[in-house]
Amino acid sequence: MRFDEAYSGKVFIMSRNTHEDADAIIYGMPMDWTVSFRPGSRFGPNRIREASIGLEEYSPYLDRHLEEVNYFDAGDIPLPFGSAERSIDMIRDYVRQIIAKDKFPLGLGGEHLVSWPVLQAMYEKYPDMAVIHIDAHADLRVEYEGEVLSHSTPIRKVCENYGAENVYSFGIRSGMREEFQYAKESGMYMARYEVAKPLAEVLPKLAGRPVYVTIDIDVLDPAFAPGTGTAEAGGISSKELLEAIHLIAKSDVKVVGADLVEVAPVYDPTEKTPIAASKFIREILLGWVKK
Amino acid sequence: MRFDEAYSGKVFIMSRNTHEDADAIIYGMPMDWTVSFRPGSRFGPNRIREASIGLEEYSPYLDRHLEEVNYFDAGDIPLPFGSAERSIDMIRDYVRQIIAKDKFPLGLGGEHLVSWPVLQAMYEKYPDMAVIHIDAHADLRVEYEGEVLSHSTPIRKVCENYGAENVYSFGIRSGMREEFQYAKESGMYMARYEVAKPLAEVLPKLAGRPVYVTIDIDVLDPAFAPGTGTAEAGGISSKELLEAIHLIAKSDVKVVGADLVEVAPVYDPTEKTPIAASKFIREILLGWVKK
Amino acid sequence: MRFDEAYSGKVFIMSRNTHEDADAIIYGMPMDWTVSFRPGSRFGPNRIREASIGLEEYSPYLDRHLEEVNYFDAGDIPLPFGSAERSIDMIRDYVRQIIAKDKFPLGLGGEHLVSWPVLQAMYEKYPDMAVIHIDAHADLRVEYEGEVLSHSTPIRKVCENYGAENVYSFGIRSGMREEFQYAKESGMYMARYEVAKPLAEVLPKLAGRPVYVTIDIDVLDPAFAPGTGTAEAGGISSKELLEAIHLIAKSDVKVVGADLVEVAPVYDPTEKTPIAASKFIREILLGWVKK
Amino acid sequence: MRFDEAYSGKVFIMSRNTHEDADAIIYGMPMDWTVSFRPGSRFGPNRIREASIGLEEYSPYLDRHLEEVNYFDAGDIPLPFGSAERSIDMIRDYVRQIIAKDKFPLGLGGEHLVSWPVLQAMYEKYPDMAVIHIDAHADLRVEYEGEVLSHSTPIRKVCENYGAENVYSFGIRSGMREEFQYAKESGMYMARYEVAKPLAEVLPKLAGRPVYVTIDIDVLDPAFAPGTGTAEAGGISSKELLEAIHLIAKSDVKVVGADLVEVAPVYDPTEKTPIAASKFIREILLGWVKK
Amino acid sequence: MRFDEAYSGKVFIMSRNTHEDADAIIYGMPMDWTVSFRPGSRFGPNRIREASIGLEEYSPYLDRHLEEVNYFDAGDIPLPFGSAERSIDMIRDYVRQIIAKDKFPLGLGGEHLVSWPVLQAMYEKYPDMAVIHIDAHADLRVEYEGEVLSHSTPIRKVCENYGAENVYSFGIRSGMREEFQYAKESGMYMARYEVAKPLAEVLPKLAGRPVYVTIDIDVLDPAFAPGTGTAEAGGISSKELLEAIHLIAKSDVKVVGADLVEVAPVYDPTEKTPIAASKFIREILLGWVKK
Amino acid sequence: MRFDEAYSGKVFIMSRNTHEDADAIIYGMPMDWTVSFRPGSRFGPNRIREASIGLEEYSPYLDRHLEEVNYFDAGDIPLPFGSAERSIDMIRDYVRQIIAKDKFPLGLGGEHLVSWPVLQAMYEKYPDMAVIHIDAHADLRVEYEGEVLSHSTPIRKVCENYGAENVYSFGIRSGMREEFQYAKESGMYMARYEVAKPLAEVLPKLAGRPVYVTIDIDVLDPAFAPGTGTAEAGGISSKELLEAIHLIAKSDVKVVGADLVEVAPVYDPTEKTPIAASKFIREILLGWVKK
């Protein structure tokens, strides 16, 4: 190896060296300043990258190899500590650039609020887009203790700005009464507790549509993903989340972007949360990113 | 907020400020001196309280909110270190006071031996009471290495003093041969390995009866609750324990008291054990405490 | 013990049951939303309280017992997540109430920004007050990545609003070049790397003056206090910080308030950081709170 | 107890004091020098022994007690750090001695490469032996980054030297494309993702044959066994592995030896991995070792 | 290596295979049932043994090699959980046997109460013996919350039964006022905060006398030994404790026995406490055990 | 920020984007396959990089800012797992390239054996070079359990190949008797236990000479750096190591290269070891790299 080949630090395994020909861009959003319980997801993106070095590059589930997908890990957006508003603006601008070049944005969180500016950018390009939301929490609050910019509000914002009928939530097992009422009355779709089974029913209805998928790692039971801020007992297994990813991969929806958020490594000294997350990212790259 | 409003330290989320009108009393029993493997459950009650601040106050499972239940968290009983005998006396007296005022005692352990004096007090008031015991271990020993006051003996004591036919154990997957033989011969009910399914069968038989429920967190697989002294592989999931709690809530038994024991936080740096325990306590409050 | 005696949850050891006659008020400021490296100090106050139960109530250093000091632990101020501005307002109001009743405010952080509103309130009452600042970091930034409300700015704010000549910093070993230049030019006092020796020299000059002391736990080397957000190698020992507390106790300054900030328990599974912090709080109560 | 009774250090619970009459020999292989991701399994054997003190000596699954099986824990083979070749030679010689005396070798790993010399020794004695391989990884590589002695190659070596048709793999969910192709073409048996169900189908075909069973703890999902080097999301539960052990115990195969490998304690501060492993070893002793 | 050479489990590095010719006996006392804060020292002895495998067998401090000292690690005394009284009787009997054969007893704790029965046995043989006590805590209580058998009482018992003038305490920085008063009035020697310097002054006075040394690991600052139940900030460094051990080794006292207690591994995931303890044991073996 | 600006993953803070004009090259050597106690230093380099984001870019010790030094972090050399021989060849070749362009090589380990090939390359260019070796261990073994390529041998190799009189070791407190004898007889310099004081004496003798400095993080006491494989109680403080770095910076030696090895993050959940290491690297960059 030549030292001037600029093998630069730590990126997701098999990231290409340049964004030029990449079909997908991996990027981190290291923000956790609005979380209400345990902060720490700002360190999520880099630990997912680190864990990726333990992965096989081939998936026996999808019979596909990472060399068949052209992607570039662009690193983390340098978000300003403590300022939700400015962070959101930076993320929105950043994603606009990615999709302006027709690349697939694959975001790593950070708290769930980061998905909101991403979705704003996505809707500019794909007005008829549906959102698949996989999470333990409804994230349908109007505000949280007076703050409208909170990790508990992003899905509500999507419903209100782009139509609740375009939002499909899965695995929800926590929220305020008002959130569950809103889910019922607003016209959005919400599957409680389960993911794979209801998803299999919903996917045919979305055939042909552009779809953005946002996954909060806390949809998993804390047994599988303890490294997250707001762990919630009674969740699904890693197996079921893998199945969900594969269902989407094999469906007729057109995935146009995705994110995986809320990995907070410090609460998981076993590292199994970033290890699992890196595998989900591999399966997303192999299953959702098409030429 | 006025500083003299005496917002005092850490209590279970939404605890009322006074016991006067409370229907239920939460209290801790920080004792672990007779455990045979890994001590540490003395710190269980306070970590369950701490974890409760991450909870939603509403349960989508039961469609009920904590403001609909009037309860008071009375703190921990100051038990004397190393003295099982004196600790047991203090607990018995303490619970007698709670039930003398017709309040629902909801105890947080501490090792499982703490349930014995609670049950003594309960039987004084409810002589026809049945006991639902959810645990990995039979806890049917006569003694443990010569000690009759041991965390392995409380259920045996109940059988012998109040009738084995009133005891219903679920989830049992560990014990001595003698304990399983006793279970067969004594007339008690014991379901091995499983909880929700056999419970659904048993509950109708207990309709109308006063029932005390004691849950040892180690009934869960260590995947779901590693923070316990005597972890035992091959257990149930958090989902199944939630289901069990909801089955009881929706049954026709009359729950008159309950405890959740053996949370030992130091063995779980992820905090998922106290986080799960605090959710179980929320569901117990919402499902079992009636006016 | 009677169950209705309202032994309520977790407070600092030997806290009295009411604020009425208390000479000092312990209160928590669970805020960490502007930290630039590792968040988590929002859980500091309660873990310091929890660790206090392992303390002896008597200090052989000062030959004094906690029963000789009348203090009340008022719990945590319920600060709104993610909003530095509103949090600061709440803290300022809260402390105003304490000093309006001539009580000694003893604050537990939380990030260091919390000291700013405390000091604003203190200066309203004690315009001639000096500030003793014990910390690894200068905290003299004008802003941090565009934010004027940041954990790196509180001491600068004090200098600019109340006179740099009233600020005495000790133990400083980290900061921007601009901060060290400001320290030199502004007229404030700054001792680099060391605490006890320069403090012994400075204290006689402050004799008779009202003094507020703010201690950032990261003045200790990470060997002694790893549980903090911005650990900085090359710090002082616990022994030296104890010596500093005792020097102040035996000096002729009139301590009118104090805080201890930046304990972030999740980075210290050994718990030695909150254990040490609880001992510092004991010595502060015994040494600085006078009738 | 007399001090000269040579109660010697830490051995698996109820190990007899001498190998003379033992039917089974437990031995450790503390080697991890060829692992590609996270090393540390060299400490596996002793932590499994330590965890065994928390076990009941009776199995309610098999209705058998450890006093009914005569086994001796011989400690760890003192393998030379960093030398795979010399370690392999030592292990092969060691196991030859055990089986020369018709004892059942029960090995504790260490990385999976240790199974290769064990199997060489076993095939010398049992040329018609079948191998049951329970693992997350195919371990069918020819070499790993140029090294033929790697923890990724042992099963390939067995196939090539003793006939792929004698190898039965279960639970496989990770590997290179070439490994899965080899599995298909070579004539070996491979069940992906699942263990208990396919095993129930395969066991009757092996009736009467000598069988060696090698278990890599990473067949479990990291939820159940995070303490392993190459954790792989999407695995089976402890319950399913217990079921597999019991299926084999109740089948008509003749188990002639076994090992459990890849327990790396440092990645599991909860200790649930060695705790589970010690239970698996108990069930193996009770179910597979016959007079 | 032959498998029947009975390399048995885990013992302190270079332990001989038999007690017959041994000059010193290492033995564990895995008891922690009377501790008032954090239990867990029952696992101390075995983790000290485990850590010893990382030691060099030669000491550059003493220029001596472990092969020059003949010692046998006899394992742990199987103490009954939760019964302080019976445990104490077992320990006393056990040590009597060791000294009956003129061997040096080197005990590993366990809580500090274990030193009491050891000292009773020692005084039977050496009535003119002095005790050197190195600890953070005075351990001079008469009782602890009503219990006379407590980890806070052993040194008081020694003073009262064998003469306070024979007790020399070093490093003390915690206790009740009554304990410090007793220290002053009883005629015992107590050095506060420091160890090496006062020890150098005291040792010449003890020249020629038989001396027993009991070391509580918490004399070290938690920076050096966080893995202990009652960590106490403001302690000495590992370097100073090594110096103290070497001072005793080079003095003219005749050390007749020793123990090192209160290592509680679970509070130290870095393992530095048992690692340091194993080094202290090596230096004790090399420096204090004479033919 | 533009997404195509290739902000690439994780590098040491303020690394320039290209090696072209860099005066120093930071590179990682993620190898730990010959360690005798606890492996894991392969993850050292990347965790040092991660921790660097918490650093100030300015040093008050040296009054210099990282923008004043032009350096490039080239990432890790992709070393083959388990093969010491091939790894050594790769490292030697890699470093030859760096010094061929007259750049300062600043290596991050990995185990200490990695320094051997670096030093071979350095001596090719600087035949009159001296080596400053700061470590807890002598590393003067001829072989370790039969292996000549071991982390215990690099300094011996230097002595034998380039002259023992060119080697200056500091802080040594562990090794075999033979190593200390060799140190005495071979003509090398060895200072036991201490670093700063003897270094201050030695440096003037080396004035004007090219010097390579190799630092093993375990020279620090485990209190300051528990995250290392072979922790050794009784070491120096972070303060003393900082002082040593500054002594060299201010001396008249010409530092031509350096490395910092043996950071093993998994043994330090507090992260204080990589946090301290990143500060040492900053001071080395600011103090030793000259134009």
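A, B, C, D, E and F are the chain letters, set down in written order, and residue numbers restart from 1 in every chain.
We adopt the following convention: a contact is a pair of C-beta atoms (placed from the backbone, for glycine too) under 8 Å apart; a residue touches a chain by one contact, two chains touch by 3 or more.
Please read all numbers here as calculations on a predicted model, not as lab measurements.
The set of chains in contact with subunit A as well as subunit E comprises B, C, D, F. In a homomeric contact, the two copies may use the same or different surfaces; for subunit B and subunit E, over half of the interface residue numbers are shared, pointing to the same surface. Among the other chains, the CA centroid farthest from that of subunit E is the one of A. With centres taken as mean Cα positions, subunit F sits 54 Å from subunit B.
With each centre defined as the average position of its C-alpha atoms, the distance from subunit D to subunit F rounds to 39 Å.
For the pair subunit E and subunit F, the distance between mean C-alpha positions equals 38 Å. Under the contact definition stated at the top, the residues of subunit D that touch 2 or more other chains are 36, 38, 43, 221, 223-224, 267, 269-270.
Chain pairs that touch one another: A-B, A-C, A-D, A-F, B-C, B-D, B-E, C-E, C-F, D-E, D-F, E-F. Across the complex, subunit C meets subunit A through its residues 32-36, 38-40, 42-43, 80-84, 86, 144-147, 149-150, 266-267, 269. Of all residues in subunit C, those touching subunit B in their complex are 1-4, 6-11, 18-19, 25, 27, 43, 46, 49-50, 73-78, 90, 94, 97-98, 269. For subunit F in complex with subunit C, the residues that touch the partner chain are 53-54, 56-58, 60-61, 63, 65, 221, 223-224, 237-239, 242, 269-272, 275-276, 279-280. Subunit F meets subunit E in the complex at residues 36-38, 172-177, 180, 192-193, 221-224, 226-227, 230-235, 267-270.
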